[in-house]
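Got a structure for you, written out below as structure tokens; questions coming shortly.
Letters are used for the chains, namely A, B, C, D and E, taken in the order the chains are written, and counting of residues starts over at 1 for each.
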Amino acid sequence: ACSGPQGDQPASSGTAGAAQPPSGGSLRVAVVTHGSAGDAFWNVVKNGAEAAGKQLGAQVDYKSDGDPGAQAKLIDNAVAQKVDGLVVSMANPDALQTSIENAVKAGIPVVTINSGEARSAQFGAIAHVGQSETIAGEGAGQRLKAAGKTKLLCVIHEAGNIGQNQRCDGAKTTFGNVQTLQVDINNPTDAQSRIKGAVQADPAVDAVLALNSQVAAGAVQAIKGAGSKAQVATFDLNSDVVAAIKSGDVLFAVDQQQYEQGYLPIVFLKLYKENANTVGGGRPVLTGPGFVDKTNVDTIAPYTEKGTR
Amino acid sequence: MSVAVQAAPDERLVKPRLWDRLVVRPEIGSLLGALLVFAFFSIVTGQFLSPLGVANWLDDASTLGIMAVAVAMLMIGGEFDLSAGVMTASTALVTAIFATQLGVSVWLALVFSLIFALAVGALNGWLVMRTGLPSFIVTLGTFLALQGLNLGVTRLITGTVQVSGMRSTDGYESAGMLFASTINIGGTEFQISILWWILFAAVAAWVLVRTRFGNWTFAVGGSSLSSRAVGVPVVRTKIMLFMTTAFAAWIVGSINILRNASVQANQGIGLEFQYIIAAVIGGCLLTGGFGSAVGAAIGALIFGMARQGIVYAQWNSDWFMLFLGIMLLAAVLVNNTFRRRAERVRR
Amino acid sequence: MSVAVQAAPDERLVKPRLWDRLVVRPEIGSLLGALLVFAFFSIVTGQFLSPLGVANWLDDASTLGIMAVAVAMLMIGGEFDLSAGVMTASTALVTAIFATQLGVSVWLALVFSLIFALAVGALNGWLVMRTGLPSFIVTLGTFLALQGLNLGVTRLITGTVQVSGMRSTDGYESAGMLFASTINIGGTEFQISILWWILFAAVAAWVLVRTRFGNWTFAVGGSSLSSRAVGVPVVRTKIMLFMTTAFAAWIVGSINILRNASVQANQGIGLEFQYIIAAVIGGCLLTGGFGSAVGAAIGALIFGMARQGIVYAQWNSDWFMLFLGIMLLAAVLVNNTFRRRAERVRR
Amino acid sequence: MSPLIEVRDIGKTYGSVIALADVSTVVNAGEVTCVLGDNGAGKSTLIKILAGVHQHDHGSFLVEGSEVRFSSPREALDRGIATVYQDLAVVPLMSVWRNFYLGSEPTVGWGPLRRLDRRKGRETTKTALAEMGIDLRDVEQPVGTLSGGERQCVAIARAVHFGAKVLILDEPTAALGVKQAGVVLRYVAQARDRGLGVVLITHNPHHAYPVGDRFLLLKRGRSLGCFDKGDITIEELTRQMAGGAELEALEHELRAVEK
Amino acid sequence: MSPLIEVRDIGKTYGSVIALADVSTVVNAGEVTCVLGDNGAGKSTLIKILAGVHQHDHGSFLVEGSEVRFSSPREALDRGIATVYQDLAVVPLMSVWRNFYLGSEPTVGWGPLRRLDRRKGRETTKTALAEMGIDLRDVEQPVGTLSGGERQCVAIARAVHFGAKVLILDEPTAALGVKQAGVVLRYVAQARDRGLGVVLITHNPHHAYPVGDRFLLLKRGRSLGCFDKGDITIEELTRQMAGGAELEALEHELRAVEK
């Protein structure tokens, strides 16, 4: 029945005991994102948040669900747990509005990440860290255009995923002639076959934009199999993509440096709690986009192995 | 005549025990499973039992529960509906597109989406009965078709993969009262979807056990040939069951759209199996003819408690599914001995 | 004595026609469906019939087909395996982790993952038979548990959600010859997985129709009580069927890992239903006791052709699922009349 | 007055199997028509057509003088034709009383509150079965747990209870004990005396002859003729049922059995 | 020499239902033991215990002198005990010959190439059924499409073919025509003469008396006694089967039926 005083110190007795840092006042942060479990992009976010937690003595609890309604429930859940801070990715601000406002009402500082920067302050978040997917897509489109490509195939591996659609839409605004293709990430054979079929069916396609490193690896093989001259660009990295960039099979990888989207909010929340600092002054803190290509791939490769790029 | 029937206790019966009577009820197993999960999380986590915590897992169970009850009825009637999951998104999309893009009042939009839902349900049922194909295949077809329509139409009309902006539509507030308001009990806000869930389960349980339609449902699921032979209107019963499922999907879709004020085109995909699972946990036989609406509602409760309980317990989310799997198996194994009893008569 | 039996044509038979004999075979419907889909895409697209095109959709159908055949056998035996999809990822992950992280040779890693797969399959079967719970629920448990393990273990060991780097391991080339090489026919590279698929389907068809084990499979699925009563080893048969499915998942997992050289932890989720669907399209009854391995292989072919054909037709991929749904329904409706005939004897 | 049921040259094929061809008979009110014949002769096929489960492919089927073609058993029931099927048509997982009333449930209440009258259902069922000499422990137990004969009695009691004009019984006494078989035959006689038309299928000439008024003999899907009781003796009936000329051999065998 | 099968004070409960209590009998080689009784008396329950489908809860069960407890019908089959169940235990979707050989399939070939001998399977099945007077059109047709009596014959032919020491028949003649019933009784006599022990359940005292050597009478799960043929007349047997004292009323009824 108590919704007034910010449940800072008294935050439920028994649970926080485990990760008690020596510095006293422990910080419990819930990170709730819209990435599906096992998604490579969000895995890096998670690694960032957990690394920050470890370094700053905060207890970080990462949860995710691609369904906006279910994501809202996870936020409610965190509010019920009276966490000390909340980090939310807002792919679908409308659906999360009530839950985030409730969290703010309950006195929990909220940092939004990734997308939704336009609504972040309105909902009462103390900061936004991210790089909207649209801007990342625009960057990729620009680069491909600069490389002299004329027709782009944008491969969406989770139909209806708003983030992936924003990436493709972004690419469309800067590149122009973009065609989308749906594949199923869980079925690598099928994904590869469909890309192969698409480049075969339309020989004009001279660039393929994958939104996930594994799809990129599949795309490289598909293009080879189809005997097409198209080149692949991708989002996110893994060792296969790193090798492919080195060998020139992949033109570049868009790097949103999402590690920071996990890491920084924990820092911000720590600062907010211990020093009432806020960051950004109502403007988003941008993390990218960065690009990994032949020029800088060697520097970045080792971090990929660790799961931080 | 009937006096002679009311004979003294039959010497062929071991003394009748309450226990034996309870044990044949299909929902008893799931009830024990639910108690187990409840006790477990109440002990290992602090917030699970707090009012806010209870409101949270009840909410999670509620929308799942509404659908699980409808799917259970359909399953008792011997059919599946794989399109049930996407239907919750389709109805929400229809409502949202009418309200935000065509500017009609939310109430009217809700009526349109209800008509749409019932039409799809009737189509499912009609196709299944008409073609004689297994409902698994037919509703798979509608599942894929709806999935494609959801995405295609949404992109066509809005250019993105979601429809938002419900908050500024006409009648949003009043319709929201019905589907998305909260009720304050002792300072905690409980979602009204919980009420819908209880109401739906109660009505379904009553219909199944107490009415003629319920009797027919069990009969067509248990043996549709025999039912037909004794004059049960098999086709009508099954079509009605499909329409009930679609109706439930409309309720859930309306709850979702009015609560979230936006809907994503790929929502609901995969949920159909959660419904089936909740129904089976609740004691329904996959082969039809046996089950209970209350059991399905409890099955959804187990799911909701386990799902949110794991979050409360702050176990590493990497292993989430592992915990969920073990939890479900444990809950279901509890009722093993009881289930067996009912299964003995299966043929 | 047997001379008297070989009587003249029975007067109670309408003249026996080849047509009638064909029509009762469970796979005939799917064959017609496949021809329909094939003809359709051959006409509307240019590349569908090109050697490269054929290689492409055959490849897509092959991994699906291997699993569909195994799942069909299990389904004929009256059980489901929801863990079949994730199992393909689990086996790949076990192979990859052993090979890349522990540095053992790929061949040895393959042996380990085979043992792992068979153990999980046996566990599934043992749990189902032991507890008497429906396999839908038990394998749902293992499905969730494996899904959790895949993600949890992968992150624990690698810090990322995928295991890669197979190319640099010991024995990659030789193992790749077996599972991931291509065969050049007339200038086009065909994946060896297509051979595996044909081989697997042929062996399964032979086992089902010609051997004692196949006979038992039909029997335990048709009526497990009756089979037990006449002395069929029901438990052993079902456990073997679960292990067959796991074995198929190992083959597919090995094909995937050796071809892609990396594997993502959430791979395979949701594919279990595609397997079931392919089997049902191929003429298997969900209730068990009826179906065919060849039919399931053809069901997978329909799936593969439709999936790739839509890409070749360059229809807007927003509507992909809609086309797929309509395509499947159309393919299945073709065999409606034929299927009916077999269904008449269902009880 | 036209007969309750009349079939003329009726025929039915299952796929390539000719199960019934050119069979004619009548069922009059207050008379018992017995259908006799070997296993697989087409008896069940005939009554399934009468009951609306299957439709005939040839010939005509008249109910009270007007030609009909039932598309479902419901229509037959609505015309007062109640049937006991050889496979009983019970739903094993449902309780005894629910099976008893299936398709014709008694209800109380009104509008959306109309509900099953469970009390009445249970009591009537218990009474009807008790009258047949089946004293069930519990009418709530699933039919699947009953013994073969108990199940048969449930199906018979149901048909007798709901049969209004015509009662069709497909081997009703097959699984029954001596006492119960006697009760069923008494029912048949009672129904006949109440003015119902009865169609009785049995393999036991000693059951058929006493109650039958007309005997339709089938063999391998075709009619061997339809005899009135006056035209045939029980010995002749037995001989025909066992397949005419082959009787010699059979009698020899049966005698051999008794040593 | 100890009897082939002996049960002593055997009992079985299903949940709260006592289906069988304190029943004793023996089955000797070269003898037919008939189990008689009302519907629901527990006859099928008894033979299911003998066949290994269920296990007894009380008493002891001896095969050739040594106490056993079959955990599956396979074990009973391996001891040479073959059974015809009342519900037939056929798989409706499987073809006739596959059902015939189910569990004991003939094979040819060796090692991994061992396969069903389909030719032999088909021919033996066709012959075995033809001997019973069932002339099937096609042994490849699913058992589910057979008539009730044809199905019964498949189950009986199977048991006769595989019965090595003991043959158990639960109401084998229930669905059979006159001719086929005669053939089955002849089989019973033949099996007995070959030295097999036979357990026969029937509701027809005229079937039981000629072939039976020993009669076990059950009522409501309990034994009314086990009589040798010499100790009981067919009239007494009929009276006992119909429930003793109640016979008067029944005779009256049966007479009434014949008008």
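Assume a residue touches a chain if its C-beta (ideal position, glycine included) is under 8 Å from a C-beta of that chain, and two chains touch if they have at least 3 such contacts.
Since the structure is predicted, the reported quantities are computational estimates derived from the model, not experimental observations.
Think of each touching pair as a link: the shortest run of links from chain A to chain D has 2 of them.
Chain centres here are C-alpha means, and the one lying farthest from chain B is E.
Comparing the centres of all chains, each the average of its CA atoms, the largest separation from chain D belongs to A. Chain geometry summary: the mean Cα position of chain A and that of chain C are 35 Å apart.
Separation between the centroids of chain A and chain B, computed from CA atoms only, is 33 Å. Chain geometry summary: the mean Cα position of chain B and that of chain D are 42 Å apart. With centres taken as mean Cα positions, chain E sits 47 Å from chain B. Of all residues in chain E, those that touch two or more other chains are 14, 17, 87, 137, 145. Chain C has residues 12-13, 151, 155, 223, 225, 270, 285, 318, 320-321, 344, 347 in contact with two or more other chains. Looking at chain A, one finds that residues 37, 159 touch two or more other chains. Residues 131-134, 136-138, 140-149, 151-152, 155-156, 223, 225, 270, 273, 276-277, 280-281, 285-287, 316, 318-326, 328-329, 332-333, 336, 339-340, 343, 347 of chain C touch chain B in their complex.
Residues of chain E that touch chain C in their complex: 51, 53, 72-74, 77-78, 83, 85, 87-94, 98, 101-105, 107, 114-116, 118, 123, 126-127, 130-131, 135, 137, 142, 144-145, 158.
Of all residues in chain E, those touching chain D in their complex are 14, 17, 37-41, 44, 86-87, 133-134, 137, 145-150, 152-153, 171, 174-183, 185-186, 188-189, 203, 205, 210-211, 238, 241-243, 246, 250, 253-254, 256-259. Those residues of chain C whose C-beta lies close enough to touch chain A in the complex are 45-47, 50, 52-53, 56-57, 59-60, 62-64, 85, 150-151, 155, 158-162, 164-165, 189, 193, 255-256, 259-262, 264-271, 274, 304, 307-308, 311-314, 317-318, 320-321.
Of all residues in chain A, only 36-40, 43, 47, 156, 159, 180-182, 184-190, 192-194, 196-198, 200-202, 213-214, 217-218, 221, 225-227, 238-240, 306-307 touch chain C in the complex they form.
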